[in-house]
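Order of writing sets the chain letters: A, B, C and D. Residues in each chain are counted from 1.
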Amino acid sequence: MGIRTAVAGASGYAGGELLRLLAGHPEFELIAATAHSQAGQPVTAVHPQLAGLDMVFAATDPATLADADLVFLALPHGQSAALAAALPETVKVVDLGADHRLRDAAAWSRYYGGEHAGAWTYGLPELPGRRAGIAAATRVASTGCYAVATTLALAPLIAAGAVRPDDVVVVAASGTSGAGRAAKTHLLGSEVMGDLSPYKVGAHQHVPEIKQATGATGLSFTPVLAPMPRGILATVTAVPTGDADPRAVLAAAYADEPFVHVLPEGAWPHTAATAGSNSCHLQATVDVDSGRVIVVSAIDNLGKGAAGQAVQNANLMVGLPETTGLSVFGVAP
Amino acid sequence: MGIRTAVAGASGYAGGELLRLLAGHPEFELIAATAHSQAGQPVTAVHPQLAGLDMVFAATDPATLADADLVFLALPHGQSAALAAALPETVKVVDLGADHRLRDAAAWSRYYGGEHAGAWTYGLPELPGRRAGIAAATRVASTGCYAVATTLALAPLIAAGAVRPDDVVVVAASGTSGAGRAAKTHLLGSEVMGDLSPYKVGAHQHVPEIKQATGATGLSFTPVLAPMPRGILATVTAVPTGDADPRAVLAAAYADEPFVHVLPEGAWPHTAATAGSNSCHLQATVDVDSGRVIVVSAIDNLGKGAAGQAVQNANLMVGLPETTGLSVFGVAP
Amino acid sequence: MGIRTAVAGASGYAGGELLRLLAGHPEFELIAATAHSQAGQPVTAVHPQLAGLDMVFAATDPATLADADLVFLALPHGQSAALAAALPETVKVVDLGADHRLRDAAAWSRYYGGEHAGAWTYGLPELPGRRAGIAAATRVASTGCYAVATTLALAPLIAAGAVRPDDVVVVAASGTSGAGRAAKTHLLGSEVMGDLSPYKVGAHQHVPEIKQATGATGLSFTPVLAPMPRGILATVTAVPTGDADPRAVLAAAYADEPFVHVLPEGAWPHTAATAGSNSCHLQATVDVDSGRVIVVSAIDNLGKGAAGQAVQNANLMVGLPETTGLSVFGVAP
Amino acid sequence: MGIRTAVAGASGYAGGELLRLLAGHPEFELIAATAHSQAGQPVTAVHPQLAGLDMVFAATDPATLADADLVFLALPHGQSAALAAALPETVKVVDLGADHRLRDAAAWSRYYGGEHAGAWTYGLPELPGRRAGIAAATRVASTGCYAVATTLALAPLIAAGAVRPDDVVVVAASGTSGAGRAAKTHLLGSEVMGDLSPYKVGAHQHVPEIKQATGATGLSFTPVLAPMPRGILATVTAVPTGDADPRAVLAAAYADEPFVHVLPEGAWPHTAATAGSNSCHLQATVDVDSGRVIVVSAIDNLGKGAAGQAVQNANLMVGLPETTGLSVFGVAP
């Protein structure tokens, strides 16, 4: 008998990846997958990659979820708080949405609108000193996809005093699954194949989350939509404070981390190498012309950027080895 | 202590996928990965998706491989026979190449050139009555990628007498990894993205293999290169002999198969849904205009079409459950 | 002062390509582009590739269109007939939709539903003996995209008696723009990239059109959606009646055609090579195993398959050289 | 009788695009296309998109080229100087390579190696005051692809004093054709599809060119390889000096330019919208969090970034309207 798990909002891309991971997890038992408009449909009608999983979407209803030991919320931003409040305290909850990530209520309202529901334990185990808190928590707010990629690249450098926190410039490109599964014209294959385009330029909702997680005080963040289904590549630049080797700082910070790989010198991250995995690949150097530190990180936005990260947090919360049911290796080419 | 496994020719795409599967397999221990020009390089220099696997390519040398209980050969066609002959009989061998698939020496010579090395047990467990033979064998020739996709679609229909074996027309499109990892201009990303193009039209080497495996006597097979890294979609048409429902014939044939899924009526296969898995998705109908039976099958050419199939055979050969270390679910989107 | 042209239904993909061709045409003047829900929007809000074209979508209204010498209808199937009926006879009309292609009213009703509006002159100038009729017509029904690709491959072989008309098998793959610009989940970039999938298997609406244009009497046609924005690759197989060289038959039929290229022996068509052009590339051989004739054709579904073909017809209808404003050369890579 | 033109190095991607533009140019006559290892091959064997162009690659030989009025050099970096020196002064030359772009010989040697061949007139007509110089020159060094995208975004802002020149951060992603047509494993379709990866991080050869063209004094430039055949998207950030609206500065600078489009407010550039065209699309804003100016520009790396730009320069050099034979509109989707 495994730990009973359920996924609310399982018809989206992060939800589908959660189902894949949970169905293959050796200790978790998947007891329910809920959806809104797809309730009553077979899971495989929405996620054909799960052929062989004989399950029907239930309606997203607290009673269905309360039967689980552990619930994952993969809902649109703003919908987690009410549902979570309706679940017993004994049910552990990992929220993949943004509702409970920010400690700054004003920042929440500015970027997401509405009233802030309050912060939960922030679920990025690789941040120094956070693992024990996650393991002890019953409510964990999993990190946003761009925030994972940027924070893992930047946090150790700011923490070590190796770069200034007030002039960070990030350009990060994401595969289209990061934009969700709603049918929108600008996300059609005909539009995105062969195309790169920025969006939400000048004001992205992950900025306050990244600042909170890294200690950055000045941060320009430009997201770009890239012609691939999965993957985030974040190029993070900052001004060094001295002569510290940024690669060495990162290598020291992540020496014992199973999912964060500082690549051998000269090798730069490829998003494709992280597809389907919970890994983050990092490399860093100092630009010869400008003197800026440049760090590049790659993740699978649905893996370490969403479902994988959530399962990693859940493993900690229930006392399992952190890597259970997760892959270090990507599916490539 | 697991079963000791090694991969010869591990620097190609099928080899890389084998390493991924073996490194994550709960019963197999990966003791060696060999290569030709890449010998001496870290595995991750060639396969960045395996970051975290600390292994260096050895030279492809019988002594290195003889130390394993089980050896996978992922070599170019024509190179398996000599290497296999140099391995002790006690070492079990799965060959992903074509050397030992055909019983017809003349067909081998016509399509591959050179002298035929002799047939081994043919490794497609879903063919009726073959499982026991594979389980008992010490040498197994794993099925070719196009042959897997076509044979799973066609063999039950011919076996049931539901279609004529003498007028089968197949058009099958493959992702680029099927063309290998050698640097060739026509395989550059700039050339293949946005492009569909047929190749080897009128004479493809998988034709005699498909005939042997299915009993087809007349078979036109046209392969097409498609702009995606992985996946094969085979459209198989044949002339019905009567009124049998082709979907029902397939559903009956594969009712107990863990990796072959006849999709619900109205759902047609997607290659993306099989990516990273060992599954084959099938659907069939009768064309209203021509009366032909049309069966479409989708696989991951590196999964069920190569490395996954090979591990499935290996599991049988060493007495493990056939599904050990393999995924039924695809990584999508 | 050029010939005054207008496009009805200009917000779709074929409509956008028409606008591109007309805006660059040396003899045509673009006076109006109409749309339904996008009426009142700048054309560039929908078609950013036309930046520099200062035009606003008008509503699709006969009065607006009646002001033109030549009107292109790029409307959803079933909507052309009523609009065309409301235009003066003096306005020449090219319909890119299906409404007026079929002579067989029963076939129309079966595949499209509703009442048949009657056949117009069929607009495929490369069919023997059709050019004069197109040049003399005031109403022309332009060929469907799959029908162009298949008919150009097949018609000369049937006309020459080189293949039997009763056992033709076609598998044709199209880029996603062929499925239109409506926001549908299964057409999202996340779904189609990395994916091949068939659709409308067993009953496709282009079958009666192809039969009518080629004389085929038995035709199995399976369409496949391919991960690229543009392009159709049709693999057409048929049973030869004798020893005629199919490539020679095609080369003779198209010797004087500016847009149809039978490739040098050994070279097979690439859809990417036709992108943005009005060309069709062809190659043919006889399959060594089955003896079937295999012809492969490639077009740009929005070029020769839609907007290019329509402009070619329009050029004929107004007495211009057929190639005016059209490109023989593709944009590749 | 048109102006006689020839292309040296016509077997690469920029060379192929030049041939396409020249073959469709109303005033230029294409008399020769030269190549190195492909000499003696039909042009269409290398560039199948040019089916219908009946020309064979000549060897790259000054005598062949001296017969033209105008020669385009599309050679690997370092090979233009010697060939240009062997051509008569009466032959006008546009070099698409880097040999003659930089005025700083030391920068040339540092990034390209070898001895500097000396600077020619720098061919970016949209830079203030440069058109007349290009029109008067017989030797023009066309701008590099990344330099076009970055310079058009940045130069007017520095010239207007709207941003500081000493803290510019650029991240620019390019389609794979920018990496050339040589067969390299890391450029295979299997490797690049689904992948984003940076390269030459920390030291890119376009940095001194961009500094020279824009007046930037501190510039961090990180290039990224993107999974598409064509297109560059450059995200350029800089520190504002005051309250100037960056979009207004750009709109004023390019008000009369036919090929540079500052998009309507709220619309951001798409690389796909520029494919096949000579256009550059721009948009700018001020980041609400960091206060940085963010400008994004999109071009076709083979169009405005290479062959289109070269033809634009050539048009000026021979006294034709600058837009002759070039398209403002992209081929999309």
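Just so it is clear, a contact is a pair of C-beta atoms (placed from the backbone, for glycine too) under 8 Å apart; a residue touches a chain by one contact, two chains touch by 3 or more.
Protein identities per chain, from UniProt: A, B, C, D = N-acetyl-gamma-glutamyl-phosphate reductase.
Here the structure is a predicted model, which means the values were calculated and not measured.
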Exercise. Between B-D, B-C or C-D, which shows the same interface as A-B, counting it as a repeat when over half of the contact pairs match?
Worked result: C-D
For this session: Compute the centre of every chain as the mean of its C-alpha atoms, then state which one is farthest from the centre of chain C.
Result: A
For this session: Using the touch rule from the top, work out which pair, A-D or C-D, shares more C-beta pairs.
Result: A-D
Problem set entry | Whole-Å gap between the CA centroids of chain C and chain D | 34
Exercise. Approximately how many whole Å separate the CA-defined centres of chain A and chain C?
Worked result: 44
For this session: Please set out, as single numbers or ranges, the residues of chain A touching at least two other chains.
Result: 13, 175-177, 190-191, 193-194, 227-230, 270, 272-273, 275, 333
Problem set entry | Residues of chain C touching chain A in the complex | 13, 175-177, 179, 181-185, 187-194, 227-229
Exercise. Considering the complex alone, what residue numbers of chain B touch chain A?
Worked result: 13, 16, 20, 23-24, 42, 44-45, 47-53, 176-177, 193-194, 229-230, 258, 261, 263-264, 267, 270, 272-277, 279, 281, 327-333
Exercise. Which positions of chain B touch chain C when the two form their complex?
Worked result: 167-169, 171, 173, 175, 190-191, 193-199, 201-203, 207, 218-222, 224, 226-231, 233, 235, 237, 268-273, 275, 283, 285-292, 294, 296, 298, 332-333
